[in-house]
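Look at the two complexes coming up: subunit A is in both, with subunit B in one and subunit C in the other.
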Partner chain A sequence: MTDRRSSNLTYRHTDILNVSIFIAIATLRVRIVIKFTIRVQHLIDRGIYDLCLWRLGSKSYVKLKMDKARTFVIPDKVCRRAGLSAVWFPSNKLAAHAYRHVTAHSQDKYSEFAPCEAMVHLVRFDVMLFDPIARKLINESNGTFLAGQKLVAQAGGTDIRGELLKLSRQYRSIVRACLENLQSEASKIESSRKEVCLELVVIFYNVEFLWHLCEILYVDVIPGDVVLPQIMEWIKFHFFHYERQAKGILSGEYGSSVLDNGAENEPEYWNTIIGLVLQGRLDGARALLKLHSASPSEPFKSVDYVMRTMPQYSVFGGLSLTEFNMRWKGWQNETACKLRAGTFASRKELELIMKLMVGDEEAFLEVKDQCGTWYQFMASWLLYTEPTVKSFDLSYHAHQCIAKFGGISRLKHSDLILLALMESDLHQVIRLIEQTSENGWFAAHLTNLLHHCGCLKILDSQQGNQSVSLATNLHEQLLLNYGTLLMSHRSLWQVGISYLDHCSAEGRAHIEVLLPTLPLGSEARALKIIQVARDRDLHNIVASTSKIMGMRSYQQRRLGNALTWALRSQDAGFATYLANKFLELYSREGKFHSLDLLDNLGSCMLVSDRLTFLGKYCEFHQLYHAGEFRDAAALLVSLLASRLAPKSFWMTLLTDALPLLESNDIVLTSEDTYELLNSMEELLGEGQIPDFGDTPGSNKLTTVQDQSVDTNSVVEEKVKLIRLALARNLARSLNHEGCLVD
Partner chain B sequence: MFEAHSINTEHKDLIHDVAYDFYGLRMATCSSDQFVKVWDQDEHENWNLTATWKAHSGSVWKVTWAHPEFGQVLATCSFDRTAAVWEEIVGESPVPGERGMKHWVRRTNLVDSRTSVTDVKFAPKSLGLLLATCSADGVMRIYEAPDVMNLCQWTLQHEVSCKLPCSCLSWNHSFSRLHHPTLAVGSDDSNTGNGGKVFIYEYSENSRRWSKTETLASVTEAVHDIAFAPNLGRSFHLLAIATNNLRIASLKPLVDSTVQSGHTRFDINMVAQFEDHTSTVWRVCWNITGTILASSGDDGFVRLWKSNYLNNWKSVAVLKGDGTQAQTDSSTPAVPGPSGGVATTSQSSTTSMVPERAQIQRGVMNPYLFRLRKSFNSI
Partner chain C sequence: MEDKVHGAFVGEKINKVRWKPKDLIESDIFLTGSWDNETNQLVLWLYPPNEDDADIYPCTIGTHPHDGDVTELKFINSNTFVVSSSVGSVKLLKIDNKEPHLAEFKEMVSWDNIHYFSFGGSSPCTGLACFEEDIVSVGEDGRLLLLTARQKKPVRRIEGADSCSLRCVCFLKHNEVLTGNLRGQMKVWDLKSSTDKPASTFMLSGEQIGASCVMHHPTQRHMVLAGGEDGSLTVWDLRHNTFPVTLLSAHSDTVSELQFHPDRPEHLFTCSTSGEVWHWNTSSMSRHARLGTTDFPRDENPWLNSDVAKHRLEVFTLMPQLHKPVNSLDVNMNRIVCGCDNEAVYVFKNVVL
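For the complex of A and B:
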């Protein structure tokens, strides 16, 4: 029985939902009540939060522990016997496995559990907010959030309260739009998704409900601090059960008897009128009273008069507060006189309504149940006792009304938040909001808004003066949490970063840690991450990401791609290594891979000497193939003369010089020839055996002996040829140059 | 809310260590069966076994990944007195860019220790490719691969004697360039008379030596695991210590001291101490942002700890293993808690769980899912 009551309470706000959903929830509720024993006290403690625990009751292993930390059971026999250990892995997932600690002193043998099933259990938080349906909410609220930050940054010291109020309304309309989506989604889809949608509906309904009050009390600037009209709007907006009933009666939906016999035959007639009166919807109440068969009679006319003449306070009504109070008192005295005179005695329903309107406490207690909640009760009570109540008095009234509804202990989570709001205890509000189950969306955005409104400064004065501002701390912490959460999502990470960007103290460090751990996946994704890092001047992330992509390409044997990434990372060592690989491949296969890249290195080749050489060497080939032998020859000589070429490659260069030396035209001057000769002597003088793939780290396929026998003979042959060519060219060039001098 | 997903690793004995790569997409496990296994997550979030090999001739204690900048590299340490570095080689594949067959080759075997090598950890990548090991004979060793493209060559750079048998070590991954390379070493020497069991070592550029800068005198019981929390902009470091209880120490560098001695002195405070495990704590592990600590203890529970913005630490969740399957779970009577009963959820999914579980095949993951409900927020 208690279960049912608590669930009723929890779902009270769902009045707003269309009927079909309400039925769906009701069936869900019944099922839950039948199936599970739920700790009632706990439900009341946790309010909206616990709604989410319910559904999973059917699947989960949730157990509640005394210290409120939950115990989760992993179904693994070995884990139970041996014990459990767990490690974290990105992003915020846990891997748990059976574990028995062994030390260096214990014997190295199979454990008592072997052979056993060694399971690893991956545990992760199932984030409601990552449901595809909430995506729009996340993105739209991000837009509003960023607009807010921009606004504050531009405002300087000017008052932007009005703008902030607009933002607050924007947030609420985003939530409302999300609710609409959820409802339409819930009405059409199958069971499992439906439950998720309904859960989200309840959560976000509450969010909007709380945000609205918060907006009234903290964001909106109300002249004279007369908050009641706004609070009445809030109540009317969220609880329109009676209004709907009234509409039904007025439009004759409740049967054709209304106009003939009077509407009082409707079972809900009086309840509806009282409900309307309690919400201050007097026009509706009057319209309903007119439908009563006895409406022309005297008591009805008096009631109509009282209702018509009740003064309504409005800032723009032209009345000062004192003037209004005087009028209001006069009106109430007049009504009280009528009551005492027994004007309404003949009709006890009318008498009750009048008693309510003069603020009679007994009458209010009588209709307590019709108010439903303590805050509705409070709003009605204040409407007829103290319509110009100031916001700082709300706390007192709230406590009075809560006492009438069974005291603090009966409050649900959302009630506690409302109470804290009325008590102006924002610290408590935020703490409670943090525990709600929309994964920090609410807390982060609301706190941010309140922060900009300057409301959080109160926190610091409340908490005593500490060196670091608690408010800023708290505000940043919530943004960090929310941003970090989004960072863990495959595609929402960019949204997450925009929140971290606005955390002045630790945001950058968070980005620095989280951004590189995003799985790189495709090249496009890697480039996007690099762009984001570059925008924030995080050059080490740019370099590191490029390097990782380069290593990956290299591992996949895509040398050209690897080199592109190496250039992006500006990693000289890696570029050198890859350049060597290219040269090695060239030596082995006689042609270059990824020639288009190598031919167009441009200034990038300056990253490393070896790469410069590679680039220049390719240029040599280009020139040679274009038939520009003179330029090609000059380049070749300069490569050797500048010692840019690795020694191991000299023989290749000298071999490349052969056709140039033997060409019909003289392309190498005597000086060039001397240079080549010099290089060759140096090479042979060092006794270095030129070897085609002698680059560091290369895998030699032939054994050392084979190599020396084979290559030596080849090299000797080559050396002879080159010497001959050099000598002939020297003779020719000297001859030619001699002629020129003459 | 929790969601879980189970993998049968097919190790023949208990797993000693699980390590994830930088992205959390690859998992390496090691066990008493002397094998190391590597698992890769595919795009459907299934984990596939891609390599398994006998890595050592003794129990493999720990396994750890190097930063992906250095390629796909693992290090292991074992009861057989060695540590080893492994690199993944992708075989020739007919089409470039496509994944070929993978296998892991041992790049080096570090045989300097004369006793069991109890822990192995790669240094933060900013220091290059550095590997620290510690062993039961009380020596901490730092190895370096001078050429990161050639992992066959490792030089023993430093050998530091800690005097007490070492059980664990942890690098301080700090982003600040002001901080010297720092690591902490723990000892599981059980004689409380031997003083503090956690040592902080720091590398000085000037003397080119690692030297002990601090000993945590308050920790005199055997230490089984330590872990520096990732530092995301805090001015102090956090060190979790698994000893006869769980402790969290804050190390605040004292600025003046660096100038005088060239070494950082720390202002060390125990910010939390928990007896919840009621017995020895074996392992500690931080999440990536250093906000939640997971500890495992002799009570067989894994406990999660989180601090609020006021730096108060508290337990936020507990994981426990239970062989009792769903059926028995539903029959468990509600255990009364202090405030009137604990919710015991009966299992409507009992029927669906058992067959799914039976489907777990060898090698291929056929995960069964069980979902544990928990708000992310309350963690």
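For the complex of A and C:
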């Protein structure tokens, strides 16, 4: 991998090259051939050349859509000549590099391309959601998601539909806020960001549009299942073209001639009125009709009357369903009579409007184009033919209307989702939503919400009795996908974890695999990762992360910090290893490193025997330097007597005892002296003397015989001195103790 | 309480947040520094104190790219601040606020790579403390550097100030600083002393609990409060000895920052990686002390009266527990701003003092 600064390679955008990459995905144990299509584009990112993105989809997606393989160009001179290979990098990245096949028989020599700049190109998926503006949506919706999970956990069986509806609206308002941000960003700048923003606007507009209908049909509880008023709201909310036009005409924006000549001179006058009528905005239509120059005439008055008296169903209107139906039928019959009597015959436009209002099929076909889409058409049709339609009838009507608009084959992706929603085929809905291009945000959150509403249970009953609930599986799979995607982002891993947390079956396993792949970076980041692992009782990850941080410190020759990490994770083995290193350094240099740490080990020195010894030995030095010889001597003896000290270090301890033995005051009793003698004999009896100081970096034991004459004589000299000091101290102490007894 | 909290999503994890100081009047600008992003940045936000209109959100008035994570931000006067980075550098930046809605950052001094590992690259600078124009910085490399805003060359460097990573630092006097390390060892340094040895050393607690933040009392600088990785608060009276006076188990996880109210030191604010923001009110204790209804000596600081005081500490949570760590908070008059890992900043208005 070349450093960005040292590389002066420039990409030639004309380089076009077809490369096939064979990728063995170890986890799947299959070989998948992905053809990369050529497109030169790169992002330079943190010193690594990132070749950005191009939707390969999730692994399973690649399998399904092999025919839709795409090719990308890796702009690398060496790759072009030598060929290319790639491996998966943790979380959704491919590392592509120049490749030469090497076998046991290949000659070990420079390749014909040397010298060259070898580079590893990281290819990653373009994740739209990671756009700076969409990131706000990720985080905000994460809060809502977690609030939802908490709500469900606390509800314990009580009815929380009302709360869930609030959450659904919250999700939609988050999407709308995101749309607003995107639009203001798109209107601000002229650069390439504009395109991206507009693309995102389209995606999220669609998300909100679909979510809204889904909320009406599945989340909201509508008494009596009369969904049409809500559906009309949905249509009015998203299609406001005619309303805007009407406002324009009413406020006189379209010209000043309204009051003089009547508004009918506006080119869009009748279209607007029909549009309003189709959406059930009768107040607006009446207001416009009043602007007509002939509005005081009889036909206009009749139309106004019909519009005014049309019964509107409302759950809280105090009318029962049958009563409403009777009134509605009465009103429609009355209007039909008027039509037949030719009340409106003098005004063609009025007649058309009235025909629409009595549900005349021919009239509807005439204005079909004004409806724009089949679902707008359906809503208008139902409004004037069957206003109390039940949600389970929607499927039938939807098919009828689609047929009028050219049949299923002409439906777009979002139309298919709408149709599936009306058919109550949630499985299909989710499957289609998964294929939309906002990287699983929509599918994961919507499915989660529907899951809590209990809507997905239908899936299970449709699929018969299966040992594992299909709905739970689907729900969990979507959360896993979304969570894993977030984990692949440098900064959003904490958000990703909170989704994986709510996958009961496989979430934990995913966290266990993904968490250790996060780059650690600074200690602050490592501590955050450890905190996440600790909160989830993933002790092995806490231990391994601490070990990595410790090893990193060790490699930077910061033994003190390495030991701190070892102690934090109670890693006895590592602590022992480091304690040995400290002792080794002491033997070599005669002084301790990181004394500030070693002098203050406290109770944590008990993690390993060797560390305990190290701590105590430092304490001995501390006492000795403080002039507290008696305590120092007692500590020294106890270190030897308890056999806590490693054999290799005994000679050093005995040498340390020399000044104490020779001091003016008697600091070692006869008992102590015997103990020291005992240790000395044991050491010499085994014929083992450490060779500290001669071969730095090793603390292995060698036999006396193997040592050079020089060393031998030094050691012998030392032993002699110690023996002498021991004998003298023994004599003195026995004498002294004898006196005390007297 | 809820309606007094105002949250805004900013699209990056905030590691530090500071109000831009303004003399005597309420500040309407705060500065955030992000971390863990591919490109981190410093952002200046305008948030005018408007009581009537609840729909005013903080808006960006200036951004500045920052190399590495922002690990600490400190203002040394009303428009100059010091920022430390995880790539081992410290920078002095000036805010050029010509128009009310447009500000520019100007780099005054940059101390590059002052924290580094002798074997292996740059070391994150983990903390900063300022005393007028003196700046002291500490890093994972265990170095302690004394800088001054007036010169590029560091005034003093203590190479092996600690064998562990230093995590936090604060000035006790103009010549005395206190550092805390990864294992909770606290050291007092006399910057005038010619030796590179600490004046005194003591432990946060018996266990290996790292010190995550440390702060002195605004008026009684000998009283020091430290937050630990286990969420505890430890109080020392450095006049007497180095044993903690009080040890409070507070948050359920690392105390990420603690701030006394600059003008009303009886109020303390803490936040933690467990997502909590707390307001500690000791004024009732001080009032009792004033009235002479308790046994406290008159001028005694309530924090230093452990046993009696513990039961009378009033602690409020400023918002429901957040699901992500709260990394930083700052107090100005009666507004508090905090920055979190859920990529949002929250402003608490009209905090009752």
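One rule holds in what follows: the second predicted complex is superposed on the first by the 608 of 742 C-alpha atoms of A that agree within 3 Å, B and C clash if a C-alpha of one lies under 4 Å from a C-alpha of the other, contacts with A are read in each partner's own complex, and residues count from 1 in each chain.
Heads up, the rule we're going with is that a residue touches a chain if its C-beta (ideal position, glycine included) is under 8 Å from a C-beta of that chain, and two chains touch if they have at least 3 such contacts.
None of these values were measured; they are calculated from a predicted model.
J.: More residues of subunit A are touched by which partner: subunit B or subunit C?
T.: Larger number of subunit A residues touched: B.
J.: Have a look at where A:555 lands relative to subunit B and subunit C in the superposition and call it first, second, both or neither.
T.: both
J.: With the two complexes superposed on chain A, say which partner A:89 touches: subunit B (first), subunit C (second), both, or neither.
T.: first
J.: Report for A:434: first if it touches subunit B alone, second if subunit C alone, otherwise both or neither.
T.: first
J.: Considering only the touch criterion stated at the top, classify A:564 as touching first (subunit B), second (subunit C), both, or neither.
T.: second
J.: Once the structures are superposed on A, label A:98 by its partner contacts, choosing first (subunit B), second (subunit C), both or neither.
T.: first
J.: State whether A:629 touches subunit B only (first), subunit C only (second), both chains, or neither.
T.: A:629 sits against neither subunit B nor subunit C.
J.: Look at A:74 in the shared chain and tell me whether it touches subunit B only, subunit C only, both, or neither; answer first, second, both or neither.
T.: In the superposition, A:74 contacts subunit B only.
J.: Between subunit B (first) and subunit C (second), which does A:123 come into contact with in this model arrangement: first, second, both, or neither?
T.: first
J.: After overlaying the two complexes on chain A, where does the subunit B footprint on subunit A coincide with the subunit C footprint?
T.: 555-558
J.: Which of the residues in subunit B end up touching subunit A in this complex?
T.: Those residues of subunit B that touch subunit A are 1-16, 18-20, 22-25, 27, 29, 31-33, 47, 58-59, 68-72, 79, 88, 90, 92-93, 96-99, 115-116, 118, 125, 135-136, 147-150, 165, 167, 175, 188, 224, 230-234, 280, 282-283, 285-289, 292, 294, 296-304, 309-310, 314-326, 329, 334, 337-349, 353, 370-379.
J.: Mind listing the subunit C positions that touch subunit A in their complex?
T.: Within the complex, subunit C contacts subunit A at residues 9-13, 35-38, 69, 71, 86, 117-120, 124, 126, 140-142, 162-165, 167, 181-183, 185, 187, 198, 201, 203, 206-208, 210, 229, 253-254, 273, 323-325, 341-344.
J.: Taking the touch rule as given, give the residues of subunit A at its contact with subunit B in the complex, in rising order.
T.: Residue list for subunit A touching subunit B: 35-42, 49, 52-53, 55-67, 69-105, 108-111, 113-128, 434-440, 443, 470, 473-474, 477, 484-485, 505-506, 508-510, 512-514, 516-520, 544, 547-548, 551-552, 555-558, 573-574, 577, 696-697.
J.: Could you list, by residue number, the parts of subunit A that touch subunit C in their complex?
T.: Result: residues 45-46, 132-133, 135-136, 139-140, 142-143, 146, 490-491, 494-495, 498, 521-525, 527-528, 531, 555-561, 564, 567-568, 593-597, 600, 602-604 of subunit A touch subunit C.
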